[in-house]
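Multiple structures are listed underneath, in structure tokens.
First chain A sits with chain B, and in the next complex the same chain sits with chain C.
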Partner chain A sequence: MEAVALHISNGVLNGPVSAIYGVIALVALAYCVSRGRRDLDDRLAPMAGLVAAFIFAVQMLNFPVLPGVSGHLLGGAMAALLVGPWVGALCVSVVLIVQALVFADGGVTALGANVANMALLGTAVAYLLIALLLRVLPRTPTGLGITAFVSSVFAVLAASQGFVLQYALGGTTDLEHYSLGAIAGLMAGTHLLIGIGEGLIAAVTVVTVARTRPDLVYALRGLKRPQPATAQGVAA
Partner chain B sequence: MKKTTWFILGGLLVALLLAGVVSNFASGSPDGLDSASTKGCTLDENDEITGGSCMAQNAKDAETADSPFADYGISGIGNSYVSTGLAGVAGVLLTFAVGGGLFWLARRRQPAESRE
Partner chain C sequence: MKGLYLERDTPLHRLPPEVKIAAMVSATVIVVVTPREALWAFAGYAVLVAVIAAIGRVPAGWLAKRSLVEVPFVLLALALPFLAAGEQVTVLGLEVSRDGLYGGFNILAKGTLGVLLSLILAATTTTRDLIVGLDRLRCPQILTQIATFMLRYLSVLGGEARRMRIARISRGDDPRFLWQVRGFATGVGALFLRAFERGERVYLAMVARGYEGRMPAAWLAAGAATRNHWLAAATVPVAAAAIAGTAVILG
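Moving on, here comes the complex of A and B:
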């Protein structure tokens, strides 16, 4: 059986950089807890648990993007849309921690680096785009779907470049055949395709929730905009 | 039972099906990070690095490589469909329990008029 490695392994980044990212992740997660608590009420808490469990499930579903290369959803954009950026980043972090501690996916020393890329950077970029796009696009299922797609693509790209930065700071191997620029290009290319796959999954998921239970979608309540009388679809 | 409870249970069921069944149809190819990490190295048929120069050259096993759930399987179960499926189901339930539990503990307590 093939070893399943989806996240950064131990030994790829050196000790100091791993430690620095561990501290960054801890501080940022503590901040997310304090901000997220304002959003977490009796209804959002179980929904956030569900979002984490759902991200775990979908991360197991690697889809092919190129011959011999696959990708899987990271989940930050979807989580930010459904439960908000702070709780969303925590959802992705819970998944990464469970994966590292129980499923041997991603090294424990690399946990901070993995959290920084996928839970923090990815979710932050996604939420900036979400906040922007939802000011322009109609708050309908279609608008939400487009938002989910676009924010996912850029979140995944950002996460992939977050790793390139980490490798530039503290990669353990001096690459002979590839420059860091070439690695950045490689990562951007595959992750653009992965982002498109993630975008489609995120769009379908968020639109499905918005059609079933719009009241459970954070992005539909988080942005304080006057509800137009013709909020077709969403209000239905 | 409340509507929201039904929604959560329905969502969990979808997640369990994805992790428990659909996961067996997932691509077994290395993902984008993994494939970039071995660029420049030569690999044997087990994808072990045999030479060259690549980012994953000094990669080490996870501390938890001996976990019974390592690599999304359950050690001791020979049938890979059953092994992956059960590991997926366990992962979804564990993530929901840990995540949902922590979020529940951290939640903002509502005043008495909460919508029970």
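Moving on, here comes the complex of A and C:
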């Protein structure tokens, strides 16, 4: 069964909050489209399609959190590493849009909220960490693997807390027995485990790609060029 | 990648995809903004959905099976009356929260109607047509392009995974149950690379044959929606709005 996961269904969030998140997602996606267009060349176009297909396949694994809430792998960190933050956010959004239209997975009116959590928040957190870690860590496969792992874990955690925030702002029902803190804790706990699983998959995939076709890893592009001399000097 | 498409020849199948997407999204929005106290409106929507499904000859059993996607939310809906705060009422001898009761009904009714509307769209429109429809609705080309390749590459990924599994088994690997995951996990990077290289060849072959980012069906005018198509599809959201209006005024 392909179950609904972090995907929010119609009617879980109230109208105003769904609408606000819809507008936020639309504006942010428009910006990603304008930035992503510059990135998308003949090499990145098939890569973006494959990353989206990979994320689509990986999101079918689900883990229960609470009645009505389950978590799954997101793939935002891997997308940010392989195709960059702009196209990466678009890839995850496309996955969510197609799931909503073709598989009825995730409500159409909650699409804005879903995109905000998984495509925007997750990918943004992942890319900030990637940009930071790739500068700090040694430029070895291990360093890249650690970057992929850490950024995946935090991206998944951020996305899960994004849902908690949305539920606090516009959940259609107040829960008595579960306080917001408890929900946040439960979501964080499960998503820590999911993040570790996702981190391992992302690390293995990205390291393999970087070993054989380093030209395909977007995150490595900007780093190699500015200081090739020092990088070689250290290696020598 | 076939999605949930059901091969039929009905007026609903023949409608251009862009009007169906617009009708589905607007009808879903009307359902979701309906106040949850307007109970009669949801009965009206259910009748409307049944009529649309009948026009598209989408079997009820098929819809019921596919809407299992919703099960986690049904559990949330059933749990809410017992978990929610606020005024308590007694129903069938059980102390439950009035807010939770409405909340559970709200999620159940709106979630189910939304899933059914999406399923009818997916059952009457091929995935290729859906992307053409999004393109004609002025969805940015970069998004439709990623979506096109995603749907195409899903079968490339599946095919490569199958070939790699056969390769493992033919070399004496015989995993059972959970241990199958190990072979897959160690090969996931290789799977990605193999699928990429095959996908890249597919892409370059398309470029060599004149592909410039849009599928021919999207820019050919044939099959695009006319005014009559839009009017036909508009009956769905208009009917939904009429039901909502009537229920709010009478209720």
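In this section, the second predicted complex is superposed on the first by the 206 of 236 C-alpha atoms of A that agree within 3 Å, B and C clash if a C-alpha of one lies under 4 Å from a C-alpha of the other, contacts with A are read in each partner's own complex, and residues count from 1 in each chain.
The definition used in the following text is that a residue touches a chain if its C-beta (ideal position, glycine included) is under 8 Å from a C-beta of that chain, and two chains touch if they have at least 3 such contacts.
Not measured: the values here are computed from a predicted model.
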On chain A, do chain B and chain C fit together or clash when superposed?
-> clash
Classify the contacts of A:Val150 with the two partner chains as first (chain B alone), second (chain C alone), both, or neither.
-> neither
First (chain B), second (chain C), both or neither touched by A:Val95 = both
Partner chain in contact with A:Ala79 - chain B first, chain C second, else both or neither | neither
Given the touch rule stated above, what does A:Ala45 touch, chain B (first), chain C (second), both, or neither?
-> both
With the two structures laid over each other on chain A, which partner does A:His191 touch: chain B (first), chain C (second), both, or neither?
-> first
Classify the contacts of A:Leu121 with the two partner chains as first (chain B alone), second (chain C alone), both, or neither.
-> neither
With the two complexes superposed on chain A, say which partner A:Leu216 touches: chain B (first), chain C (second), both, or neither.
-> both
Touched partner set for A:Ser18, first chain B, second chain C, both or neither | second
Touched partner set for A:Tyr167, first chain B, second chain C, both or neither | first
Shared chain A footprint, chain B vs chain C, residue numbers 1-5, 9-12, 33, 36-37, 40, 42-43, 45-50, 52-54, 56-57, 64, 68-70, 87, 90-91, 94-95, 97-98, 100-105, 107-109, 172-178, 212-213, 216
How about chain C: which of its residues touch chain A in the complex?
-> 3-4, 21, 24-25, 28-29, 31-33, 36, 66-73, 75-80, 83-86, 97, 99-100, 102-104, 106-107, 109-111, 113-115, 117-119, 121-122, 127, 130, 134, 140, 142-143, 145-154, 156-158, 185-186, 188-190, 192-193, 195-196, 199-200, 202-204, 207
Chain C-touching residues of chain A, taken from the complex the two chains share | 1-5, 9-12, 15, 18, 30, 33, 36-37, 40, 42-43, 45-50, 52-54, 56-57, 64, 66-70, 87, 90-91, 93-95, 97-98, 100-105, 107-109, 172-178, 200-201, 204-209, 212-213, 216
State the interface residues of chain A toward chain B in the complex, per the touch definition above.
-> 1-12, 33, 36-38, 40-58, 60-65, 68-72, 87, 90-91, 94-95, 97-109, 160, 163, 167, 171-178, 183, 186-187, 190-191, 193-194, 212-213, 216
Inside the complex, what are the residues of chain B that reach chain A?
-> 3-5, 7-8, 11-12, 14-16, 18-19, 22-23, 26-37, 39-40, 47, 52-67, 69-73, 80, 87-88, 91-104, 106-108, 110, 114-115
